[in-house]
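A short write-up of the structure that comes next.
Order as written gives the chain letters A, B and C; numbering starts at 1 within each chain.
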Amino acid sequence: MKYSIGIIFVFFLSHFVFSKTLTVGYGQKIVRIQKGIATCNAGDTLIIKSGVYREGNILVDKPLYILGENYPILDGVFKDEVISVKSAYVTIDGLHIKNSRQKTLDDPAGIKLYESNYVNIINNKFTDNFFAVYLQYSSHCLVKNNTIVAHAIGETSSGNGIHCWYSDSLLIIANTITGHRDGIYLEFVTGSLVWRNISQDNVRYGLHFMFSHSDSYITNVFKNNGAGVAVMFSKNVKMVNNKFEQNWGDASYGLLLKEISDCYLAGNKFFKNTTAVLMDGTNRIEAENNVFQNNGWALRLQSNCTGNVLRYNNFLGNTFDISTSGSLVSNTFDSNYWDKYEGYDLNKDNIGDIPYHPLSMYSIIVQKIPSAMLLFRSFIVSLLDKSEKVMPSLTPDNFVDLNPLMHSLKL
Amino acid sequence: MNRILKYVFLDIFQNKIVILYTLILALFAWSTLSLEDNNSKGLLTLLNIILLAVPLVSILFSTIYVYNSNEFIELLVSHPLKRSKIWISLFLGLSLSLIFAFVIGAGIPILLFSEWDKAYMMILVGMFITVIFVAIAFLSTIITRDKAKGIGISILLWLYFSLLFDGLVLFLLFQFADYPIEKYMVVLTSLNPIDLSRVLILLELDVSAMMGYTGAIFKLYFGSNGGLIVSFLLLFSWIALPFGLSLIKFRKKDL
Amino acid sequence: MIEINTVSKKFGKLQVLNQVNLNLEKGECVALIGPNGCGKTTLIKSILGMVLPDSGTIAIGGKSISNDFLYREKIGYMPQIGKYPVNMTINQIILMIKSIRNTNQPLDEELYVDFEIDKLKNKKMGTLSGGTTQKVSATLAFLFNPDVLILDEPTAGLDPLAAEILKQKILKEKEKGKLIIITSHLLSELDELVDHIVFMQEGKLMFHKSVDDLKNETGTDKTSKAIIHILKN
């Protein structure tokens, strides 16, 4: 024990004793960044003076702390990948990285990590890169406080804001991402946390999960993205306290859950999405304390969804609360607040005395015949819905909330 | 012509039913628009009321008014006046006063509570619907001399346009669910002035995204400027055709 | 003044006017009589252009009235039952008719004064009694000094005093040389007024005679008695 403390002490001491700080850039002895990196030893700090640097690709091949002074601009002039990291223990802090090479098969990025663990990318600005931050086979990395902007037009003309591939134990915190294809993209990423990011106005998804298990995303804002957030082919994903707003368009939704199981969806707020949540082949999802407000469809369940539980959610001002493509058997609705509920509560226990059938007849018709949307808001439709409420004949019996709440939950 | 129009307009606008109609419209409009925090939703609620009540009141009131004016029309005919002038004045008098009632009752709150680009379509369409159903009322009064029959025809026509027609569309949609008939259905629906008005307003309220492919077709056909012109031409022909027909018949009618 | 030439009219299967020929001259006061449904109202409406005959012609002052409406400037018409828009005031009705006629001739406001309509002029038509409405109708019929006056049951509904005023007015206009056509069921009224009788039955014109001829033929001294004599035979 004493021996090991001694080793640690020596390690720290050696750090103070041997690590140096080198300043490069305009007005310094060394102007070129790449030359500065070559001059540094592992563990050194490299400070870059402000200015515009067009050095082509910069390779970081040793553990370094690279710190920008007043956001020096590293411009790839659309020809090169701006920074390639091929070493562990690199921190890149306070740079402004611009104009990486676009649209080539090798996925050029503003900062790309090649099998590099324990890398921190913090407080940087990214503008008009193909991919902004790209992690492959890189674990235990931190991507924090970055502002990422691009101006993508189509899905093919842009890469993703933060792209993670075959990685583990990542922290993606407090970034702002706009105008990329996907804001944040995770594929084969496990045990990671996506926290307090704002992803908006991206061409496709705000956040995109593929084959990524046991991750969490918490307190993020996803707003006005092309299609919303997609979680696909994943297990054990926790989705807590996020906001899904204004994903409005023909094929748009707040959250798409496709072929996922054992996930937890809680405390999220869905405002004004064409479809708030679309579930396709989902199993054992627990959804509680979510707010669905002013959406076209609050929840669309395909008939291949089983064992999902929805309780203590608020459904407010949605055009359709639920629609389904078949008769659902084993999904549970319990103790939700539905603003369309017209029942009564004689014993004043805040639970409606008659069950609520959240599936309206018109939503079933529209599911079967989409062009029946032509009659949206017509007199005959309201008449049909009212008569169905009085004498249910088409809507499935088992599709019911037995304990509808009388007052909305304070969420 | 405006020699009669002025007095007819004044007479109708002092009518108790028209005043009541204005008040009820105002009551509905103010309450729905001020209670809903989301103004698109308030407008949607109001849309349902407008598409139901405005045609009904317009057609029924006009029918009854024209029948009750029989003797007055006779009196006017005994004076040196062209028959067509009498009929047109009566039509304009009814249309203008009902439009006036609509604008005061529903138009003002709509303008106050919602953005201009949504409000203008709502008001414009409401005005069109009013005149269209006045025109249809004129046609049904000229079809039969019997007041009870005429009112019956008017109610049937209203029922047809606001309910039966949509039922028919729904039936066809079910029958031909497996065929790509969206385009034909869009065209068919645009032949009903109430449906056309409803869709025009829905497009303005940005719920077309919810209407999926059908909404896209509608937006393609009627959302563009050319489409808007076609839509309003269609609405206009719903005024011109019934009224024109009634005018031709009135010129040869034995009073 | 009015020439009616072989006019026929059918309402559905019912022949309401059957080959009617009739000439009426200035200065005549004609009573149009006959049982209910005999076609006298249809005949009047044909003259006024409210009913369009199936065949035959009607000419006023030598000009055919078909496809014309200006000829009605020469006609004053008092309907049997006047119904006006309920929310218009008497004043508005008179103003409206004045603006329709748009004449610069001096107006005959005698009845307006005699019926004391000025006191009522701001009352709405819907609030008036039948008699007062008739007074308004009569005033309007005489207001523009028309050459022809067509009065449909003029005294029905009027109080005796008003009826007397109207009768005196009719006589006065007759003396001015106007053509006056009256339909009435009250035969006793006709005695002092009319000088010609037109009798119709089942759409046909049975006869058109002067009152004097009629009295001579039937050997009676009163018009009403003469008519009853005819009706009985």
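Rule of thumb we're sticking to: a residue touches a chain if its C-beta (ideal position, glycine included) is under 8 Å from a C-beta of that chain, and two chains touch if they have at least 3 such contacts.
What you see is a predicted model, and the numbers here were worked out from it, not measured in a lab.
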Completion exercise
Per the touch definition, the chains contacting both subunit A and subunit B are none
Problem - Most centrally placed chain, judged by C-alpha centres - result: B
Exercise for the section: Report, in whole Å, the distance between the mean C-alpha point of subunit A and the mean C-alpha point of subunit B. Expected result: 48
Practice task
Would you mind pulling out the distance in Å between where the CA atoms of subunit A average out and where those of subunit C do?
Solution key: 90
Completion exercise
Chain-centre distance (mean CA atoms) for subunit B and subunit C, in whole Å, is 42
Problem - subunit B-touching residues of subunit C, taken from the complex the two chains share - result: 9, 11, 45, 48-52, 69-73, 75, 77, 79, 81-88, 92-93, 95-97, 99-102
Exercise for the section: Give every residue of subunit B touching subunit A within the complex, in rising order. Expected result: 38, 41, 44, 47-48, 51-52, 162-163, 166-167, 169-170, 173-174, 177, 181-182, 185-186, 189, 195, 198-199, 202, 206-207, 209-216, 218
Problem - subunit C partner contacts - residues on subunit B that touch it in the complex - result: 3-4, 6-8, 10-12, 14-15, 68-72, 74-83, 252, 254-255
Completion exercise
In the complex, the residues of subunit A that touch subunit B are 248-250, 252, 274, 294, 296-297, 317, 319, 365, 368-383
